[in-house]
Amino acid sequence: MFKKIVLISNNYSKVISDTLHTVIEVLESRNIEVFLDIKCYEFAPGTHHKTIDTQEFVDQDYDLAIAIGGDGTILQAAHIVANHDIPLLGINRGRLGFLADIPADTVEPMLSKILEGEYTEDIRFQLHCELHREDKTITEDSAFNEVIIQKGNIGKLIEFETYVGGNYVHSQRADGMIVATPTGSTAYSLAGGGPIIHPKLNALLLVPICPHTLSNRPIVIDGNSKVELIMKESKIEHGNLTCDGEMICDLLEGDRILIYKKDKKIRLIHPLNYDHYSVLRAKLAWG
Amino acid sequence: MFKKIVLISNNYSKVISDTLHTVIEVLESRNIEVFLDIKCYEFAPGTHHKTIDTQEFVDQDYDLAIAIGGDGTILQAAHIVANHDIPLLGINRGRLGFLADIPADTVEPMLSKILEGEYTEDIRFQLHCELHREDKTITEDSAFNEVIIQKGNIGKLIEFETYVGGNYVHSQRADGMIVATPTGSTAYSLAGGGPIIHPKLNALLLVPICPHTLSNRPIVIDGNSKVELIMKESKIEHGNLTCDGEMICDLLEGDRILIYKKDKKIRLIHPLNYDHYSVLRAKLAWG
Amino acid sequence: MFKKIVLISNNYSKVISDTLHTVIEVLESRNIEVFLDIKCYEFAPGTHHKTIDTQEFVDQDYDLAIAIGGDGTILQAAHIVANHDIPLLGINRGRLGFLADIPADTVEPMLSKILEGEYTEDIRFQLHCELHREDKTITEDSAFNEVIIQKGNIGKLIEFETYVGGNYVHSQRADGMIVATPTGSTAYSLAGGGPIIHPKLNALLLVPICPHTLSNRPIVIDGNSKVELIMKESKIEHGNLTCDGEMICDLLEGDRILIYKKDKKIRLIHPLNYDHYSVLRAKLAWG
Amino acid sequence: MFKKIVLISNNYSKVISDTLHTVIEVLESRNIEVFLDIKCYEFAPGTHHKTIDTQEFVDQDYDLAIAIGGDGTILQAAHIVANHDIPLLGINRGRLGFLADIPADTVEPMLSKILEGEYTEDIRFQLHCELHREDKTITEDSAFNEVIIQKGNIGKLIEFETYVGGNYVHSQRADGMIVATPTGSTAYSLAGGGPIIHPKLNALLLVPICPHTLSNRPIVIDGNSKVELIMKESKIEHGNLTCDGEMICDLLEGDRILIYKKDKKIRLIHPLNYDHYSVLRAKLAWG
């Protein structure tokens, strides 16, 4: 079933190194072909497996990608597999994450079961984001959690207009605007005051950051909508665009940021007993 | 097209009476058969049209219901047509409502256009709510905006469990829980801290009212989900159940409230230039 | 120093009974005269100490009141000593409370130190609340946490006007209004969206509950201000008044609720190492 | 009474120029000695009054400063008079501001009355802010509204510790932290979720911006408290410090920002009928 597996990681820690070794052992014992990204190779010296440069991720028909780390690592892995059709499994360095739902201390039994076919696939969508300036497309990128326009390195609000499906929604002044997927609704968007959206819902979430007008509340729209944000300010370093927390570009007056659902999906692999609400309860300390 | 039209109203005001007369004149001039509910009959004395008791709304194959008043009146009219397949048009006593989107001062031209076929139909769903106690279904009702369980006439929190699609979500202590439709997201739910949901989105909204645990945030789920709330408290007068603001029943410990999308839809009629975001901008004083 | 001590409790549990015995032993070993309220007497059978009816708390020149339970018990004890000048010590049945800051498992050493004079006194103010109807004062009461006017057993908002120091603040429609002390800012007010106020600050906190107008935000005013709330609605069972969660009275249209700082203070006793921020961190799971 | 008056403005508009001429006429007709800052001089060409450079505002024993513009202009004027003991009057270019409370269209009668002594003085405090790095004081500044530490030109949260009066409050990860005066509570702090604080209350307001931990709520503390924020992150361009929206400095790991009430006060001049709650009602669209 899973014959060629690529391992992805980024931040070193003792736990991650240990977990990585466990994962490699489990895979080796099943004669699975293992590929390591550069970081994994550094964190697991002595292994003889092939190293790949995930920045130039040539599709080798990997059957599975396993990311080892926190939600940030899995997010980064999602970007690596974003345009390929490879399922992604997240192993958490600690207890439990929203995306990395296999705790480090249960890797062996849980990974074994998954390799034996006992898993569910959880299809999540990601966003495509294009920045149009005058008649050119300046840059484009993907986001699994959220696209954000926000004020830059000066203390002033940004001003922008929002359109959904070509319809004018509003002009506002705020620290920024988050356009999130359901997956992203439990990430930064939650700190910005957004609701929790079930990952299966086909919806986009618009959350203004510290809006000047107090009635500018989060808005949930159809997942197939095209969102357009137009910058109304001109000052240098005034605004910028980020995808999943990575700075993409500075923004200028008149810039149009187009955001919509990407065709390519992220295929998350979960153990059979995966329960989204159970993760929410644990992460948000409910009850 | 619209040959038999029923008029619905509730609270008297001079504007409503005047608007009602204008509506009747427009309908009479087009030889449309007009039916008045009891209140309309009181507010427009001297008309010779048939009076009907909307409480026992026998389906006369009405082609259209016109409600005259504020959003509360249209909400009440929605309950009257809830189980019938009659389109509903709302004429506001004042400027503009979320549901009553024809301002009183433009009734004549706008109503005329609608009667000539220039309108759009906006299909909204409503909720069905059942209260189960032990093995019996105690009561059931419909809601267009929201179903609420909330603390009653004593100053204590209620405690309840929430299940979605049979999956346990959480136990919480709060003043109550709102289960709202997208239509209801701009009503009481907004005051409770919920997001704005586009009326076309197939989603349900769960908004806890003043939850004890600060991380108990609003949750947006698939519109086809079955929501179940289970009361964990036993004191008399402790909790109650409302549908669209109308008290349905007191709640006892162990009561199970089942809430899901109703088959029958509400068919709102809008003028052709209807723009949901424009209504939001006006009602929420954006920009 | 503390020669006559009264013990107060309310809800029975094994932990409370055990803790009560420990407290009594510590006091007996120091030849302190012990008085038990009815509940304590029930929870500690076999003791020979005098029983008092705290509902008719005749000032016996008690030197200290010790409440054993959760924050609710200490709140109730605060009402008992509200008009007397008796310091109040709270022993928590569990780990730590905002008011009951001696954990059950450290009673012996910590109580001993306090009895030896190693403590700080934390002066908190409470509220006086008067309900005026036409020309009469219908009722009056005290609150240590908060006075609330709120909707009653029907699903409708209440409408009321707020005045501070005789100055009109606003009219609003809401589920209710909380007028809280700094002590109460970490109780129900926090669930209503209010800020945390340091207990030493001479301030009152006005928190609207689910206000219809989204810009009706919590307001913090001078602690010496007189707050007046005037009910604008007339329906039966529409609104009611509570002090510290206890229902005081139904409210009628025109009722005026006057709220201001009470002369008599609550003197909380803390161990020397008491740290308000440490309690906040523990209770709110910060960091 | 007011014999030497300095006029301050910044952004040009037709209304401001007109208002400026009206103000000058009123002052000239009363033989008051008028001084113009550079901007006012530009906006009112043809006047023969002395021009001063407000950046090097040498105390000329001015009896009054009049700022003409929006709240931003008055804020800037407050910085100019911050260390001098000169009363400040704000004339709004439009209708009404929190600080500029004389509407442009009533300048003549209202200014005349004020010059005749019919006014109230409203003493507001401002903040002093010091940035300590290792053993040096890198910079210091004043703020009338708020001091903010916030994330800079990268998309990551900042991490910092908060101390009040030397007591550890919490560590948190957030977009930033606002330390506001009561005056500032209706400015940016309100967009960040803070409460409204009456300007007469001796209090400071701590409002976390989009905190990662949902229970990190606004905190109101005694106005005489010393607040210390300590940066826990080391990345370049990661955080910065602003006073009243002006960028003061980039922040490095270990930086300590000390914030406390400044000795020098701001003396706002209001017409006799000034009513703070009336301004709130107008600005926040209450009722």
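Here the chain labels run A, B, C and D in written order, and each chain numbers its own residues starting at 1.
Note that in this section a residue touches a chain if its C-beta (ideal position, glycine included) is under 8 Å from a C-beta of that chain, and two chains touch if they have at least 3 such contacts.
Predicted model, so just to flag it, every value in this text is computed and none were measured.
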Far-end chain from chain A, centres as C-alpha averages: C
Interface numbering overlap (same over half, different under half) for chain A and chain D: same
Copies chain B and chain C - rotation angle from C-alpha fit, nearest 5 degrees: 180
Distance from the mean Cα position of chain D to that of chain A, given in whole angstrom: 40
Whole-Å separation of chain centres (CA-atom averages), chain C against chain D: 38
Chain centre separation in whole Å, for chain C relative to chain A (CA means): 46
Sequence positions of chain C contacting 2 or more other chains: 190, 214-215, 217, 284-285
Contact graph of the chains (line, ring, star, complete, other): complete
Complex interface listing, chain A residues touching chain C: 214-215, 217, 285
For the chain C and chain B complex, residues of the former touching the latter: 148, 150, 152-156, 174-175, 188, 190-193, 209-212, 214, 237, 240, 242, 245-247, 284
Chain D contact footprint on chain C (complex, rising order): 164, 167-172, 185, 190, 194-198, 200-203, 205, 213, 215-222, 275-277, 280-281, 284-287
